[in-house]
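Two complexes come next, and they have one chain in common, chain A, joined by chain B in the first and chain C in the second.
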Partner chain A sequence: MDTNNPVVKIDHLKFNYKKHIVFEDLSLEMEPGRIYGLLGENGVGKTTLLRTICGLLRAESGECTVMGMRSASRNPEMLKDIYFVPELFVAPPISVKRFIQSNSLLYPRWDAAQFYKLCLTFDVDPSYRFDKLSHGQQKKALIAFALALNTRVLLMDEPSNGLDIPSKTTLRRVISECATEDRVIAISTHQVRDLENLIDPIIILDRSGMILNANIEQISERLLFTVSPTPDPGAYWSETSLNGYYQVVPNHDGLPSRVNLEALFNATLRNKETFKKLFK
Partner chain B sequence: MNATFSIHRLGLTIYKELQEKYMIILTSIGIILMIYLAFWALNLIDGEPVSTAARAASAATTLSIISCLAPFFLYKNENRRMEGVFYAVSPSSTLEKTISMLVICSVIFPLLSTVLLMSLDSLLTLMPFEASYSGSIWGSMFSSKEYLDKITNILNFNTDPMSIDMVNRMYDTINPLSIPPIVGLALSQSAFVLLNMLFRRHKIGYTLLTLLGIWVIVAVILVISAVSFFDNIQSNPDIDPELIYQWMITMYKAVTLTYYIFPIAFWVLTYFRIRRLQY
Partner chain C sequence: MEFDQHKPIYLQIADAICERILTGTWPEGERIPSVRECGVSLEVNPNTVARSYDELSSEGIIHNKRGIGYFVSPGAKTVIRDKQRGSFISGDLKEMFRKMEILGISIEDITTLYKQYISKGNN
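This part shows the complex of A and B:
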């Protein structure tokens, strides 16, 4: 299997809900072996993008292909290698066990043992009725199912929403364990701290389209995340902290620093045009 | 593997849907059987013997109603935005999803209900109660003979200007064309399936209102054409009875044809509706 070719390819995508334009001209590619983080404010189109990729929405113009197949045509050959975990869903009135038995039938790489192991990790009992579980438990069961399907493309919309703090830590761990060389995982979130140290590359969307699409290495090459006693007038973003000012500044000297996703997100939103040019 | 149709995938799709829906199917059939048992118990209390034809008619009516309502129980959420996500992204083609719906709604569910209901009736005939059921309804349940008799009775209402000979000729023409009740059921069920997939909320209410609206429109058109037809006969008393005969046969053929065409058309429309789910 060629792991260098993009699995997901979006080409000049235009999408709108009646008069509300979501994407005017969006182009991006997703390569296997990576966990893409889709960041953006509410309503910029993160969910719309994920739903378009898995064929739940059809673009006005432009094209979205998954493994070379148009996603909107919902080809079964494409669908068997893609799974979408929605932010909100209605669990069916059957047991989790029954749900996974019936829904896994059409996925060739389904691994039941892996699912039960993930359920143990997440502390979910699959013999319970799906709709009777709490929202957090339902979400964990669905994430465990989605990961155990081993599809080449896994899309997760706000997976950490509704999870307690220990579950968020477990979520980060299991996702990183399940990320393989031939798999693309795309996670949308507006709670960037929940997915810190997990997502790479980062895609930041806004109402004008995509502002940034870069991996952590590229970001740390161009930006310096630092604390200084005085504010830097050239900083893209700064915030007072106990030790002085936490800032995002241009990395002219190529100094190493640890990328802080929340600071990056805020800096990007304040300097949209600059960042577009910086990461072009 | 073919993107449009694969028999293996279809089999898996039907199996998947049956695994998810078997409880709904069994509960619905349980309700039908309970209603039938209640009907039997009422007859016992009443003490009057019930004819085989009456039992067959009541069983057929119950089965028709439940078969029409089945899509609302079995495919309640599939066309809804939030609840229907898993259905829309499940890896089978639109054709396979449509055929699976057809097999479950129009074959498995009605067949299972019919067999179980008739078996229950047969079991009840064995009960050693006075005024209990006797005779089998298996033969008369879906017979088209009664339907045909009704038609010929209607046509017999007036032998003037049509002669007895004409009625006999008409019977001979209609006989091979007669619509089996199963086709009538297929027509109404396919309409219910389509409307179930069209409406996202208040499905049963909107479906009944829509069908009522269509029924009113069709009734108005039929009344207008019948009035103008009889006006024509009255204004032309010398009209050739052969012409009337030909007109009635043509009308009957047209109606018969729609009985066969509409279920197919409704299922094709359901296919396109499934293809556009979530869009």
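This part shows the complex of A and C:
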């Protein structure tokens, strides 16, 4: 398979829950070898998008395909290569070990040894009953399972929620380790600091659809994240900081700077139309 | 690794690698950790580390042996020193001059302090 073709392709997707419109016209593509970070305010449809990609929800119109197969058809060929880690998960009253033994059967690239290694890294005992584990432990067990399935598409909804500080560090490490070149990982998150330096490209959604889908390199080519003693009237975003104003400004001179995801998000929400053009 | 707020991550990683080469932690000619190992230990996206490695390769500091990994190039230390001298003069030194002016510190003061520093063998 050509690794440069988009694995996930969304074409003019329209989605609504009865009268509530989530996507009017959403188009985007995801390429392999990337860890997409899906950002957006509450209710813009991040979870809806992930659920649509894996075939749990069907769109009103438009097309969502995974490896060329329509998600809505729930083709077994597609389903064996995609996994979705929901934000909330009802753990079954069986041991983690039994859960993974039965649930891994559908997935041809499942690696049990990798799962047990990830459990060690996450400090989760798979012989415990899944529903008796704490919320954070359940989440880590499920993430370890999801990573060890080695599906070409892995979708995670707020994976850092409920994890303690050392587990968040581990989460970043294991995701970085499992992000292979043939794999698309898409993570929705409000906790951008939890996943900073890990998610790249960044997708920002709003009620009208997508504002931006760009990698960190493209973002830092177009935007400069800088501190200056006076506020720049042309700044997309500005906040006072200890040594002046922390600002997001147009990067006319192509200077290098570190992309700050919170500032990027705030700047995007205030300059939706400008950013849509800037990142077309 | 603590990252600085302002410099792009891929450049900070490249700097950290240069530092290790200069101090001899990673000697010339030896293999350095793979992109993936480096990504895992720094908790960053492997593509970011790949960008750092590309940058250092294009500068002749490291090189890729297909299928084996990345190695510190012979002469890497000289390349890094030349590069850092340039950025020291245009960056740190400029900032030092600015502070000297604000604080009223003369070049003679600096010379005296520098001589003391050298004679104590602090370098």
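Convention: the second predicted complex is superposed on the first by the 280 of 280 C-alpha atoms of A that agree within 3 Å, B and C clash if a C-alpha of one lies under 4 Å from a C-alpha of the other, contacts with A are read in each partner's own complex, and residues count from 1 in each chain.
Please note the rule applied: a residue touches a chain if its C-beta (ideal position, glycine included) is under 8 Å from a C-beta of that chain, and two chains touch if they have at least 3 such contacts.
Quantities reported herein were computed from a predicted structural model and do not represent experimental measurements.
*Asks:* Does the superposition put A:P86 against chain B (first), chain C (second), both, or neither?
*Replies:* After superposition on chain A, A:P86 lies in contact with chain B alone.
*Asks:* Just checking: does A:T169 make contact with chain B only, chain C only, both, or neither of them? Give me first, second, both or neither.
*Replies:* second
*Asks:* Which partner does A:G254 contact after superposing on A: first (chain B), second (chain C), both, neither?
*Replies:* neither
*Asks:* According to the stated criteria, A:N75 is in contact with first (chain B), second (chain C), both, or neither; which is it?
*Replies:* first
*Asks:* Considering only the touch criterion stated at the top, classify A:E177 as touching first (chain B), second (chain C), both, or neither.
*Replies:* In the superposed model, A:E177 contacts chain C only, not chain B.
*Asks:* Which of the residues in chain C come into contact with chain A in the complex?
*Replies:* These residues of chain C touch chain A: 3-9, 11-12, 36, 39-48, 51.
*Asks:* So in the complex, which bits of chain A are touching chain C?
*Replies:* Per the touch definition, chain A meets chain C at residues 33-35, 169, 172-173, 176-177, 179, 197-200, 215-217, 220, 225-227, 256-260.
*Asks:* Residues of chain A touching chain B in their complex?
*Replies:* Counting only chain A, the residues touching chain B are 51, 54-58, 74-77, 79-80, 82-84, 86, 88-90, 92, 94, 98-99, 101-103, 105-107.
*Asks:* Considering only the defined contacts, which chain B positions touch chain A in the complex?
*Replies:* So the residues of chain B touching chain A come out as 1, 3, 6, 9, 12-13, 15-17, 19-20, 23, 77, 82-83, 85-86, 88-94, 96, 275, 278-279.
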